[in-house]
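What follows are several structures.
Below, subunit A partners subunit B and then partners subunit C, in two separate complexes.
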Partner chain A sequence: MNSTVATLTARSLLGHRRALLLLALPAVFLVLAVISRWLAGEDSGNTVVLLGGFALGTLVPLLGLIAGTGAIGPEIDDGSVVYLLSKPLGRHTIVRTKLAVAVGVVVTFAVLPTLVAGLILSGGSDRLAVGFAVAALVAGIAYCALFLALAVMTRHAVVVGLLYALIWETLVGNFVPGAQALSVQQWALALTEKIVGSSRSAELSITPAVGLGAAVPLLLVVVVGFTWYAGRRLRSLRIAGDE
Partner chain B sequence: MSDATPPTPSARSGVIHDIGYRHYDGPRLGRGHIARALFVESALGAYGIGRSARSKIVPMLLFAVVCVPAFILVVVAAITNADELPGEYTSYVLNVQVLVAIYVAGQAPANVSRDLRFRVMPLYFSRPLERVDYVLAKYAALSAAVFVFVAVPLTIMFLGALLVELPIGEQAPDYLRSLGSGLLVALVLAGIGLVIAAVTPRRGLGVAAIITVLLVLAGVQGVVQGIATEENEETLAAYSGLFSPFTLVDGVQSSVLGADSALPAEPPGTVGAIVFLIVTLLLVVACVGALLLRYRKVSI
Partner chain C sequence: MGTLVLDTVSRWYGNVVAVNDVSMTIGPGVTGLLGPNGAGKSTLIHMMGGFLAPSSGTVTLDGDTVWRNEEIYRRIGLVLEREGMYDVVTGWQFVLANARLHRLPDPREAARRALDTVEMTDAKDRDISTYSKGMKQRVKMATALVHDPPVLLLDEPFNGMDPRQRLSLMRLLQSMGDAGRTVLFSSHILEEVEQIAGSIQVMVAGRHAASGGFREIRQLMTERPHQYTIRSDDDRALASAIIAEQSASSVQLVTTREDTRALHVDATDYAAFIRVLPRLASSRGIRLYQVTPADESLESVFAYLVAR
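Let's turn to the complex of A and B:
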């Protein structure tokens, strides 16, 4: 970890009024939670739809994509990453620092709003708020590590990441159930199921495609593996323009 | 060089450095031709034609994927000898909206952001091309590309239906309605995509911004309509379609063009139809206006 790199990364992610634009996402989400509570009252079914579908299905992957690729992508793109790489800092330190900042952004703009929205929607009932907040946190870390490594690997990281998060996890997952076994979202959902309790989860149709025993190792492998690989790839980065 | 002697005024103004090459004095094509060339180049570029092989992968792949369900519908109808297609023309775009959104998010920045990022706008505007021409040509090009993206699968369904000898009288009205709403979807999405892409020229950021806006709007619309339908708030359920571009156009399609809506609630009566139509048209006009404002400030 290096505080200067962290400050610079945070500034590139949140400076220039970008923080305000990012704030719009959780704001819309919280307004939605309030509307739902106001119209439907305390309802665990709606909570699962909003937190599972909107927060875990849309908000967390998108913010993970913006924060993960945004932490290093623009620097590689405009070539200024060479000034960072030429400093006496380990490449793995750089990646870990940038990952920490990206995770911080996701926690601020997606995980905490998920917790608050969960409390607005269902209070403390069924431990849904905590369950989905934990899932959002874990999924957020995994998405950040994945998309940060992707940003080091390819200049088309955002499009490739979108294809994974939207096409693979959602569309392909709906038609080919096996595809869901390789889905960060489903792994995180396994944690929610554990926290809420399996019988109540089944009633609320929280049905992860993988069990906890598979989900935790897979999440660890993705986070540790992709973070390590991103550092490794940074050792021999090619700065070349295409298009 | 500033302290060099001022150049001797020459008879032909505008010549910086004449080293004696033969001049071009054939006909010069004007604004219209430049705008048309820009339109064609941009529209083909939205499918990667005329760009690098790597730029062709994503649009071509998405285009293939969006056509697959149409093929499947036709094949199913042929095998089962059904007397109608197993899917509606008019709900096709709504069902593949994620693909359309990703396509727009990928191609809108490719269409306008690169010109801004690499600062080549002065090269365009040093020709007789006006800013209005540039904006309209780019807008028309992306709209045409998105329209082709949604119209080809619909046409596959229509031609397939005729091939398996379904009556043309039953197929044609819904096919034409879906083409009409496909045109509206193309105009609305291209407008939203271009406005966002033109203000976020950084690579990747424009793509993420467009997809975020489209998906969050669709998510908000789905949640609000779902809850409102469940709680029997019919007015809110009906007007929640205004939140997302796809359901907005679906509302126009069902209320103005008279198709069956795939959504749980559609615009109520004549008032609803007028509101949905006006919001759609205002959105298109607002997008063109925003683009013109943006490009008026582009420095030369």
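Let's turn to the complex of A and C:
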């Protein structure tokens, strides 16, 4: 970890009122949670629908995409990454630091709102708020690692990432049985199931496609693998000249 | 110390060869990398700065390979032509961040010194987004100088600078060269290069076309064959008079695009031809309507150096 890299990354991600834009999505989510609680009262079924569908299905992947690609993509696009790369600084250190900042952004704008929304909706019953917050955290880390690596690999990371988040995670991951086993969302849901308890999870339709035994190693492989690969790619990153 | 050695370096992108079999040694002092746009200067500087792998050959600094060697940046300061900046911070914060990234023992003092060197102390607390292009260029210079490197690589550093800033940067580079640093900068303007560079490396179409002091390079350029388009009231008589002289190698009677006749002359001795032409015309009573150098573009000058 390098504090200067972290500061520069955080300023790029949150500077120029970008933080306000990032607040929009969790704000909408929290407003929905309040309205749902007000209209339907404390309800575990509603909580699962909102936290599973909106938080884990949309908020976390989208924030992971914005923070993961935003932590390094714009610097590669405009060439300012040169200022980091022309220093006696390990490329893996740069990637790990940027990942930590991206995860910090996801925790602030997605994980904490998930926890708060969970508490608003369920009032702490069935440990749903904690279960989904932990899922949001691990999914957020995995998305950040995945999208950060994508930003190092391609200049079209946002488009590719958006297609992945929308088509694979949301459509294929939700509806195609075989593909569900390869969805970050499903791996994270395995943790929610564990925290909530398997029988209560079954009642509330929290049914991850993979068990915890497979989910944890898969999450670790994604986080460690993509972070390592991003560092490796950064060592050979070509800064395009004008010629 | 601070000697960059390029040994039979080539770089290609698919079928396009950007740099073709270049060998050169850049030592202490100011060296100008001269060539027209698209000559491969930036590609070469990117390879010297470790931001591009040579497709073949090696680039070393004092014997150490530059590519994939992060430690090399303790000895290299780099200003690339087109990189963006972190415009959400002030000039001071940016240079200080660069000093910290170098893990300098006293980053604040180093940043202060670097900003002072490029005369940006007064504007250091403004956001970079409010700087002019010249100011940004000077802050870039400060980031390259902050760790006091023995080697400085600059890609088109004078672009976007006003004459006063240009002069000030020239003085700065010259003083660095005089202090024993290796300073390499690229430019496509000969006058810019010859004002400060002790030695010049000329690149044309990816190839290393010439090297030497500016007098040698200037001489090579003025001694090359010059082409002229000449119109007169008796082109045939003038053609025979010119060809009888020693200063031209060929004379061609052509019809121009405006449907008028003219002569194309290849002058081998530029200075002698310019002296002899009015005398020839005058002695034969020929009236000269037009004498135009036909081929004075920088590209053609460089092309001659390659074909030499």
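Here is the rule we use: the second predicted complex is superposed on the first by the 238 of 243 C-alpha atoms of A that agree within 3 Å, B and C clash if a C-alpha of one lies under 4 Å from a C-alpha of the other, contacts with A are read in each partner's own complex, and residues count from 1 in each chain.
Going forward, contacts are C-beta pairs under 8 Å (C-beta built on N, C-alpha and C of every residue); 3 or more make two chains touch, one makes a residue touch a chain.
Values in this document were obtained by computation on a predicted structure and should not be read as measured data.
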item: Clash or fit, subunit B versus subunit C on superposed subunit A; value: fit
item: Superposed model, angle subtended at subunit A by subunit C and subunit B (C-alpha, nearest 10 degrees); value: 70
item: Partner chain(s) touched by A:Ser199 [first = subunit B, second = subunit C, both, neither]; value: neither
item: Subunit B versus subunit C as contact partner of A:Leu84, first or second or both or neither; value: second
item: Subunit B versus subunit C as contact partner of A:Leu166, first or second or both or neither; value: first
item: Partner chain in contact with A:Ser236 - subunit B first, subunit C second, else both or neither; value: second
item: Minimum C-alpha spacing, chains overlaid - subunit B and subunit C, in Å; value: 8
item: Doubly contacted residues of subunit A, that is, touched by subunit B and again by subunit C; value: 77, 242-243
item: Residues of subunit A that touch subunit B when the two form their complex; value: 21, 25, 28, 32, 35-36, 39-40, 46, 49-50, 53-54, 58-59, 62, 65-66, 69-70, 73-74, 77, 151, 155-159, 162-163, 166-167, 170-171, 242-243
item: Subunit B to subunit A touching residues, read off their complex; value: 51-52, 54-55, 58, 65, 98-99, 102, 105-106, 114, 202-205, 207-209, 211-212, 215-216, 219-220, 222-224, 226-228, 230-231, 233, 236
item: Subunit A - residues contacting subunit C, complex; value: 2-5, 7-8, 11-12, 15-16, 75, 77-80, 82-91, 235-239, 241-243
item: Subunit A partner contacts - residues on subunit C that touch it in the complex; value: 18, 37-43, 45-46, 49-53, 68, 70-74, 76, 78, 80-86, 88-89, 97-98, 100-103, 143, 155
